Amino acid sequence: MFSEAVKIEQRVEEGKGITTLRFPMGAKVRPGQFLMVWIPGVDEIPMSVSFIGALAGITVKEVGEATRALSLMKEGDVLGLRGPYGNGWQLPPGRVLCVGGGVGMAPIMTAAEGMADRTRVDVAIGARNAGEIIFEGRARRASDDVRTTTDDGSYGLKGTVVALADQMMREKRYDVVLGCGPEVMNRYLLKACKQHSVPCQLSLERLMKCGAGLCGSCVIDGLRVCADGPVFTGEQVERMTEFGRWKRDDAGLRVSL
Amino acid sequence: MTTSLETDICGTRLRNPTMLASGVMGETGDSLLRVAEAGAGAAVTKSIGLEPRRGYPNPTLVELEDGYINAMGLPGPGIEAFGEEMSVALKGGIPIIGSLFAAIPEDFVTLAVRMQEYGASAIELNLSCPHAKGYGMEVGVDPEAVASIVRQVKAAIDIPLWAKLTPNTHRLLDVAKAVEGAGGDAIVAVNTVKAMAISVEARRPVLFNRTGGLSGPAIKAVGLRCVYELYEAVDIPIIGVGGAETSRDVLEYLMAGARAVQIGSGVGRRGLGVFQAACGGLLRYLEEHGLNSLSDIVGVAHVQ
Amino acid sequence: MTTSLETDICGTRLRNPTMLASGVMGETGDSLLRVAEAGAGAAVTKSIGLEPRRGYPNPTLVELEDGYINAMGLPGPGIEAFGEEMSVALKGGIPIIGSLFAAIPEDFVTLAVRMQEYGASAIELNLSCPHAKGYGMEVGVDPEAVASIVRQVKAAIDIPLWAKLTPNTHRLLDVAKAVEGAGGDAIVAVNTVKAMAISVEARRPVLFNRTGGLSGPAIKAVGLRCVYELYEAVDIPIIGVGGAETSRDVLEYLMAGARAVQIGSGVGRRGLGVFQAACGGLLRYLEEHGLNSLSDIVGVAHVQ
Amino acid sequence: MFSEAVKIEQRVEEGKGITTLRFPMGAKVRPGQFLMVWIPGVDEIPMSVSFIGALAGITVKEVGEATRALSLMKEGDVLGLRGPYGNGWQLPPGRVLCVGGGVGMAPIMTAAEGMADRTRVDVAIGARNAGEIIFEGRARRASDDVRTTTDDGSYGLKGTVVALADQMMREKRYDVVLGCGPEVMNRYLLKACKQHSVPCQLSLERLMKCGAGLCGSCVIDGLRVCADGPVFTGEQVERMTEFGRWKRDDAGLRVSL
């Protein structure tokens, strides 16, 4: 664990409303872990690490106040970071299919790049439209089989990324599927993996306050997404009665997703 | 006779003296259940108020090398919605202690009665949160105000009543005596120490609320001191809390006079295994020293 | 204009804002001289009383990973013998601040007058030691008592009068306002946090006095909070103390509102180089940020 | 720095009123460093480490209440330790003469044993009488030239250990002399070394409360024996106006030695 303030060194617009911020960071991070990112004067929110290494990075999609403020930050601006938190992916030997929906590509990309052998990792990238497809070039550098899909068909195949993943599982035998995206995508991906009897790991999201396993705001059933996750195995997710149905609001009240 | 870690806090029997501290994982029934599975002897709920509260915006937590500073702002679903969580929590089979916050005695009474209905084994009054305006330590430093709350709540419930006190006052012992005099059954000490963090780069306080409460190893020596002093000042049982993580920490608290020890920050710093690890160490200690029960060490640091 | 670390506390000019805290190496003239050579901007003497005192028997210190707990018991040669030490200390060329402890205003006056004669640049009233019976924090939590001491001492001396306060009370701001109202020139915050250590093996408190005062990194967040709150409560200068060791710590205190920062435990943990290292970092910070003087950052954490 | 409680594993009477206590200790110690030793219920006093290694040790001479209590401790009893504190000896390349007076042999012995080459270290052991000569056997295992002297001539040469050291410096060329003993011994040893132009290091003692460089109770002139010493170079000692003349009492008052 560390807590530090960093200066943004590089800002890259990855797509429509999706921005990468790069900064030097001391701490060692494993693929799939996240940081609590403090935008001084605004908010502090969880962000997956999308670039590992000396020039680390996060990739943010604008959805509300904090993500907008973060997206608008400039080179030289200061961010507070604490973490890394969470368990990260378990990368087994064998063939891996990485499935990322939208900005869910952030933690997926570090997993793909974390594989030693590019012939053993395939990537399925999905988004609502062409503007939201990110990291395709990076993915092609890490894998021989990268496919894309958009809901509206404006880029790549037309359809959902789960349909694409299903197709790929039909074609090849994978030892594990890693998935990150909107909860509904995760839910259908889990279903598809079950049909093909492929074990999967899903990175989940919930409202996070502390990020450190204390406050309990991020729990799904008894599991803290921040400390017990954010990556859960398919079996864990299947046992979650709240998955795909409920989340907790700021007051800890259960509200439907 | 075999070695046992059982302990008793004014009628509430605990399989072991480790307890989840209020505010950590205690907002939902499922989490409390997991804490029971992880081996805690009892679990205290998040402090619950009358209405749902969102708490403060983030940042609500600062992580230091030797602890945390938090200013959550007492978020919670409110007493109404908490009934459902309690019914889940109770499945864990360990005593669930209902922690409550309010500004006036009448509200504490309302909350305590509901908590009792929900099946709480005891009530813990949060008279000590250092960062929520109008609540917690703002009432908890005034012996008369505390006595009045304790007296009224005590009259309204049948289960034991615990009062959780703040170390941020020179009147700790006066407040504890007020609790005892008003019929309180046990003292819980301590809540967090009022503190803050400033970011040099951002040139501002880190926490949204600016100030917060320091917890974890940084305050263990403060909590120990409070328990030690309380043991000589009151006769009701004391429950220690503040920076306890290992069996050694728990032993220090027991020797200072605590009958049980709550763990909060340790859950974040060491994971949920913290309860089982501490209990394992306690058992080994008792066995190595040929002791049968914890009562042989509670308060021994006072015998010279 | 060149970058300067100079600071001014109600007329006392310091070449830099780091200052030796009372009780650390401040009992003898030669030590104070060494602290001047080591680069401190000023040095506060050990708290001196009317008579020689041996202090408590050992153990008087517990070393923790993140600080110390001490209960020295205010040992010292007494005001009479301290004149000789002062004359040596003054050769260092930096302001020497005379720290004093007493139980009643009259004794504080006697001591302050002598300290002024000895050449002290200012007087620091120790109203905050948490472990010496009848002294320090026992008077320092009562605003009226504090006002009376400050008023009487102020009337008897010409040099500035500082009051050093305890964090072990919920009345910190009331006490500070009493100091200001009675004519005190500056507030020093904080003294140690009341704490203790228990040895599991020996089954007893470690310190001879059982309780003592926690200092070092463990209390930095507490000291910062006090300085921050004081800055909004009083207009007289504030001097920060508690866990400061690095230039970053000093910056945090300055941003919270301190005009200068005292270092105590840091001398033991990091050695006498602690002053120069902190000042080096401060200079670099000012230069990197294009600032000429510290006044540009004092209190900036309050501007949002 | 560490703080731990240990159980005494071995108790050895080294001589009249001089006892060694051995215990397992986690911390790494350099020759010449010391511990603050807590005798629960009695006192806490500084003690040089006389044995380095897994089974560490201290060697105590009974002079007052605390040292008596320590001397009477039995195997299995608990001691509190904190430290190690102090700088320790600087062991230069070249030939070393170790000079120990009485229990001053404690830190001297670890220096002698710390030398890689036994032909390069000589030892002069002095005491008031035969009963107080300690560590002679240990010294002989570490050095080829070990000589002893007693004030009353009851063992070894008759005379002071400084006279013996002076004799040895006359015979051989030393690159450094290490000395530890009563202050008067240290004072004369310093003088003898000056006459022979041999650099020396002396381990000094003063009343210690904190041991950690904070309280200032152990100062000689501006130097803290606990943190700046206990080992000082001859040049440092020569500049000390208080050396050999004054010490500080519990109240910090200067009293004559």
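First chain written, first letter: the chains are A, B, C and D, and each begins at residue 1.
Basically, a residue touches a chain if its C-beta (ideal position, glycine included) is under 8 Å from a C-beta of that chain, and two chains touch if they have at least 3 such contacts.
Predicted model, so just to flag it, every value in this text is computed and none were measured.
S.K.: Which sets of chains still touch one another once subunit B is disregarded?
M.R.: Components, subunit B removed in thought: A | C, D.
S.K.: Taking each chain's centre as the mean position of its Cα atoms, how many Å separate subunit B from subunit C?
M.R.: The computed centroid separation for subunit B versus subunit C comes out at 33 Å.
S.K.: With chain centres defined as C-alpha means, what is the inter-centre distance between subunit A and subunit B in Å?
M.R.: It comes to 36 Å between the two C-alpha centres.
S.K.: When the centre of a chain is set as the mean of its C-alpha atoms, what distance in Å lies between subunit A and subunit D?
M.R.: Centre-to-centre distance between subunit A and subunit D: 63 Å.
S.K.: Roughly how far is subunit A from subunit C, centre to centre by C-alpha average, rounded to an integer in Å?
M.R.: The mean C-alpha positions of subunit A and subunit C differ by 50 Å.
S.K.: At least two other chains touched by the same residue of subunit D: list those residues.
M.R.: Within subunit D, residues 41 contact more than one other chain.
S.K.: Residues of subunit C that contact two or more other chains, please.
M.R.: Expected reply: 64, 200, 204, 304.
S.K.: For this assembly, give the contact graph shape among line, ring, star, complete and other.
M.R.: Drawn as a graph, the chains make an open path, so a line.
S.K.: Using the touch rule from the top of the page, what pairs of chains touch, sorted by label?
M.R.: Listed by label, chains in contact pair as A-B, B-C, C-D.
S.K.: With touch defined as at the start, can you tell me which subunit C residues reach subunit B in the complex?
M.R.: 64-66, 69, 137, 141, 166, 168-171, 193-198, 200, 203-205, 210-211, 214, 217-219, 221-222, 224-225, 228-229, 248, 251-252, 255-256, 285, 297, 300-301, 303-304
S.K.: Taking the complex as given, what residues does subunit A use to touch subunit B?
M.R.: These residues of subunit A touch subunit B: 1, 3, 5, 7, 36, 38, 40-41, 43-45, 78, 80, 82, 209-217, 219, 221-224, 227, 248-253.
S.K.: Name, in rising order, each residue of subunit C that touches subunit D in their complex.
M.R.: Going by the criterion above, the answer is residues 23-28, 30-31, 33-34, 46, 52-55, 57-64, 68, 70, 72, 75-78, 81, 199-202, 204, 206, 264-265, 267-268, 271.
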